[in-house]
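Order as written gives the chain letters A, B, C, D, E and F; numbering starts at 1 within each chain.
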Amino acid sequence: MSAAGEQATPAARDAAWLWQQIRIEAERMARDEPMLASFFHASLLGHSSLASALAFLLASKLGDRDVPAMLIRQTCDAVYADNLAVVEAAAADACAHFDRDPACVDYATPLLYFKGFHAIQCYRFAHALWLAGRQGLALFLQCRIASVFDVDIHPAAQIGAGIMVDHATGVVIGETAMLGSNVSMLHGVSLGGSGVGGGRRHPQVGDGVLIAAGAKLLGPITIGTGAKIAAGSVVLADVAAHATVAGVPARVVGQSSVAPALDMDQDFSGE
Amino acid sequence: MSAAGEQATPAARDAAWLWQQIRIEAERMARDEPMLASFFHASLLGHSSLASALAFLLASKLGDRDVPAMLIRQTCDAVYADNLAVVEAAAADACAHFDRDPACVDYATPLLYFKGFHAIQCYRFAHALWLAGRQGLALFLQCRIASVFDVDIHPAAQIGAGIMVDHATGVVIGETAMLGSNVSMLHGVSLGGSGVGGGRRHPQVGDGVLIAAGAKLLGPITIGTGAKIAAGSVVLADVAAHATVAGVPARVVGQSSVAPALDMDQDFSGE
Amino acid sequence: MSAAGEQATPAARDAAWLWQQIRIEAERMARDEPMLASFFHASLLGHSSLASALAFLLASKLGDRDVPAMLIRQTCDAVYADNLAVVEAAAADACAHFDRDPACVDYATPLLYFKGFHAIQCYRFAHALWLAGRQGLALFLQCRIASVFDVDIHPAAQIGAGIMVDHATGVVIGETAMLGSNVSMLHGVSLGGSGVGGGRRHPQVGDGVLIAAGAKLLGPITIGTGAKIAAGSVVLADVAAHATVAGVPARVVGQSSVAPALDMDQDFSGE
Amino acid sequence: MSAAGEQATPAARDAAWLWQQIRIEAERMARDEPMLASFFHASLLGHSSLASALAFLLASKLGDRDVPAMLIRQTCDAVYADNLAVVEAAAADACAHFDRDPACVDYATPLLYFKGFHAIQCYRFAHALWLAGRQGLALFLQCRIASVFDVDIHPAAQIGAGIMVDHATGVVIGETAMLGSNVSMLHGVSLGGSGVGGGRRHPQVGDGVLIAAGAKLLGPITIGTGAKIAAGSVVLADVAAHATVAGVPARVVGQSSVAPALDMDQDFSGE
Amino acid sequence: MSAAGEQATPAARDAAWLWQQIRIEAERMARDEPMLASFFHASLLGHSSLASALAFLLASKLGDRDVPAMLIRQTCDAVYADNLAVVEAAAADACAHFDRDPACVDYATPLLYFKGFHAIQCYRFAHALWLAGRQGLALFLQCRIASVFDVDIHPAAQIGAGIMVDHATGVVIGETAMLGSNVSMLHGVSLGGSGVGGGRRHPQVGDGVLIAAGAKLLGPITIGTGAKIAAGSVVLADVAAHATVAGVPARVVGQSSVAPALDMDQDFSGE
Amino acid sequence: MSAAGEQATPAARDAAWLWQQIRIEAERMARDEPMLASFFHASLLGHSSLASALAFLLASKLGDRDVPAMLIRQTCDAVYADNLAVVEAAAADACAHFDRDPACVDYATPLLYFKGFHAIQCYRFAHALWLAGRQGLALFLQCRIASVFDVDIHPAAQIGAGIMVDHATGVVIGETAMLGSNVSMLHGVSLGGSGVGGGRRHPQVGDGVLIAAGAKLLGPITIGTGAKIAAGSVVLADVAAHATVAGVPARVVGQSSVAPALDMDQDFSGE
């Protein structure tokens, strides 16, 4: 089944499928490293569903003296019960890491270890609370996420599914930012505001965009589907679909592939 | 009073005024989110002054197994008692966040949640210890600040009042750096040294300068009043007052506004 | 002896020499700041060798609820006993900070306070476990290092001795990266992969290279001995020995000094 | 409703009734002492049932580095879901404290503060695990209970409902002990074994018995319904129903009241 | 001065005198055991008065996740500022340990290590809160004291100065109990109630009484000045001044010395 | 081998034999309860000797904020390396629990869970420090032992091997007490002093004595080999070898068996 599992089509890799796959992996991990057996048990094997494991994960990371882990978990359980799409988005995010990061050779690793995956799931939880009218708690969690993962995502931002935030340290995503689905970004990326006025102040990023390490996208600009933003770029203007931009400020240097967020090719020198 | 409070002139927003305003906000927050009521009480409502709340805040963040929170607080109380200007600078910093960050809609939020605000107040405390001859403890605190907030500020650096460090992750400010007042900077900014010689090795930054995300200012250069440093720039030479510079290495691309640190306009493409 | 000690030739500064020097410094520190006396005792003075102090340090930083500090220490003691070269590399790293960072005026400070030094020693420990077939534990530690120090180094990466990673926040070093000896790098540096294929995907960096703050080196490129990579550069192609490169994408802008990693001169404007 | 609530007949005070009553009390407590508002919220007001609050309570007390609180809670939730009688017994225990301890003026206080109540609920949880075949976890919890509450109850012991263990420190209840319902005992009471043989080795205690402070009941003896064991007694032989015994070794000194466990009259001098 | 200090008359050993003496002792302790130097510094040497050291001590012991140590300390500082007699009573308690316990050879040891001393000081703090109308917080602290020290003292109980509670585990002192000054008691002593009625339910104990290990005093009885209660006794009736009582139930077995609480002679066989 | 192991003669059950036996048991426990697998691994299976497991155990229990677990362990490792007899005594203590407590069905359980076993091993460690001239640290540990296990043993007391302290809460053993080998005692037992003079103030207890629950032995009395002290007794005078004493004060009530500490028969009514 494991072999079959790994060949599942993307469409078939829903939360239930993923959960079966992760359990198989975690059992092997626990056999291989007894020092971590209870960690794998508490994190994965002791749960009956992906939602339960995710709620445990988020509570472990976000709990502190001011709001104990058990309260976070209880609140997260309630959010997941009412928002199945949040768990499905998490499943798509885990698959994104497996598909796009050669150093990620199984589905359990993002759940266990990747701070980008952790930060995004914590944001999804805080975002659901924001929409449900609990802005106070959502802002508290934003602070915890920034403290624990070094990733600052405003809970009002809107983010699609199938997101990979690789390495993650220093990522900033502002209050009115909008991201489509299947976006890949690396550490040090900013989707920042510009100015002090009201209304939309942050970028809108289309599906399948790749934003390489350290790129700054500033202001209410629009990045078209499948665009590619080179590392270290500073983007101050709209980018057309499937354009590759680079530089400070960024200029168009070529045409990106069909799916740059999946290719993860950060080299733009030949385009 | 709350309406009147929010219209107070900058000059009138001293620590005493700010403290009254923050208490009003915290009482509303505690009503809105009972899960956090004791957190708001411990952080803000249980204190009789801004200095007391700040000392509690710093101790909560910096305390660890090696130096427990209560010792930090006791030391901080003593520093504040002898240095009222440190508390007034903190008040100016909180107002800077309120004035310049559209996502910050009250005065309590920087105290509660912003790691840039937290890091600067911790630096101010460590700097006062450095000046008082306790370099050993100041260096210990520098390490704690770098660990907790991902912001590395040498306690010998000199920094004015009314500073906003937004998002903050990755900021580095070196030993001989000097910053004026009312400076705004974003995450990933470095005021770095160059070379291994003695004497001044770090930048001197004038009043009201805006340093956008990820900019690197390197060596004993001087940045004039009201200059604007674009995101991702690498600045290796002096910058004139009210100049806008951008690029790697940075070149003059225009003239900044009267007060770029207040406008927070990171877009330099039209200048 | 202290004076003689500080004049020791590099070759003579092995782990044993360094340990004597550090003890002298720590005794002075404990006298100067009683609040930290037990911290200096537990970290340095209570140990009989550099290896013992390092194992204590790593365990203090990496231990958490899932793997308690005592287990980390026991595992680290065993690694050091079998790999004396790991301890000698740590000694060379501490000397690198002392030699190249003017703000570092003694040998004890990197052990006590510098997160770049801490992260590299933790990586060396995880790398030894990786080579010994304990990949599961090595990946767990990679996650802890990323969480505690904001530095993401894959345990399979290969890194020489005499390394200084200054300030460190945001550094990323990928799975197939290779670094020579006596390299200096600053915060925000990435040795990143490109694409999703197998084989070598990350840079190979020669001896004595200086990589300034925020530079991104992407893909299976080769950086020659003694090259200098300017701050904020994005490097997508090979760099010749002793070349200085800068920009997005980086181009050759001059010739570096004999030993740029020792000079730490980040200014390339005059080259 | 509060007045009506407090006059409810014992039969009517089931878990649902009790839960309503406790919420009313906790709301008043939170208003009266803001420093504890979040504690009351997390412990009581944030829950939707007595079972949920109890599971939170037990997890808060029993969780430690080896088994985190969240895992305890998850296991306890499952136990309660399958054993409604365990929660009803807890409700009866809380009522026992309210009825029999003049210093206990509401129903919330045993849940919040009484270590005897806490220890018994933890035992009930461990006992259910023991019966379900998880002896290993049950023994782990016995150790935690002994450590946290200074009460050592073997998870195989059998204990009825409506139990008050007042003050609790030093209580020991052995593996084959059996207690009926509505028993009251005080701190320092032992239901100990005698000898090293197999079979029943500990006392069997009838309904409504009062065992005063420090009494030792040793060996497979039987204590009849409504008996009263004086403080400091050492009981080595069977005690008839409604007898009062005292002394070292204990002898019959009188006749107890109809319900000594409810009267809580520790004075036997006039009997 | 140290020699002179130890010969000070009891009347002269007020809080100020004691504080000077304790600092001299703590300096010697810190020199003798570097592993504990910072502990002695944080607990004693870093403070400017006995009140400050006591507040630090109580906060260290009573602080937990629900009420952090810093909040306890702040509250305790305020209590001491308004109730100098509470600090003077603590000084008398420390002297009582020094005078009456041959294993206590200095004045610092009760503050550093004796759980009986710690529990009594925590009670004094909770009692002051009780009198000030903060019953909710006082009951919370009673629970913490019972948990941390295994000593259950109701905050409404009334207790004089110069009290020694030796070893302390299992001591219970009920809501309406009253103790005079210069009382000595050992572990396992109960001043318990009897019955469920209102009014006074607990013992009243005169000045200078010695209550030996494990004695139970039950009900609203009166123990005369200078009486001696033998170990393991169960006292159900009044005891005359300077009588020695023993047994279950206790009977008069002799006449006590002038000051049994000072003599600490637990042997009553020859009286 | 396990069957053969369990039939080993007492003489053959040294630390090496016991360690093999315990590992076999722990492997079975880890298989049976995955939630505790890492706990069993960290406590037992990850160690190469009984001494290593004991040092880990003691450090886990005694470590706190003031002296971290790793420092305790390092100190304990050094003590064990110099005092093999301390580890052999621990092995004899574990066998004593296995032999004398019917609820203890394997050798691993005392190490994992019994606070009496834990407290005695911590005392043995503190006693070795006391003899080695580190009285300051030994007294610190006495305080920790009293806090963690509710057992107060002065580090100067002298205690033989093969000791079982069952349940343990409330046990007190004074500074000049001396215990022989193969003694069994239960919770609430005191070996207390009497008076305030110098010299020997505490009991001397012969080999093989049984001291039942709550017995108080007071003053410099001598308890002969194989004597039996009934529960709740107060012993103020010497007891002859193999005598059984009971009562307050204790009187001879019979003759004990050959080895009362092994028989654990607390019933003296028929003697």
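Observations on the structure shown:
Heads up, the rule we're going with is that a contact is a pair of C-beta atoms (placed from the backbone, for glycine too) under 8 Å apart; a residue touches a chain by one contact, two chains touch by 3 or more.
Since we're looking at a predicted model, the values are computed, not measured.
Common neighbours of subunit C and subunit E (chains touching each): A, B, D, F.
Residue numbering shows that subunit D and subunit F use the same positions for less than half of their mutual interface. Centre to centre, using the average C-alpha position, subunit A and subunit B are separated by 29 Å. For the pair subunit A and subunit F, the distance between mean C-alpha positions equals 54 Å. Rounded to a whole number, the gap between the C-alpha centres of subunit B and subunit E is 48 angstrom. For subunit B, the set of residues touching two or more other chains reads 35-36, 38-39, 42, 46, 66, 68, 71, 150, 169-170, 188, 214, 232-233, 248. The touch graph of the protein chains shown is complete. Residue ranges of subunit E in contact with subunit A, taken from their complex: 65, 68. Listing the residues of subunit F that touch subunit D in their complex gives 29, 32-33, 35-36, 38-39, 42, 99-103, 109, 112-115, 148-150, 167, 169-170, 186-188, 212-214, 230-233, 246-248, 262-269. On the subunit F side of its complex with subunit C, the touching residues are 38, 42, 46, 52, 56, 59-60, 66, 68-71, 73-74. On the subunit E side of its complex with subunit C, the touching residues are 30, 34-39, 41-42, 45-46.
Taken together, the subunit D residues at the contact with subunit F in this complex read 66-67, 71, 75, 134, 136-137, 139-140, 142-143, 146-147, 150, 152, 154, 169-170, 172, 174-175, 188, 190, 192-198, 201, 214, 216, 218-219, 232-234, 236-237, 248-249.
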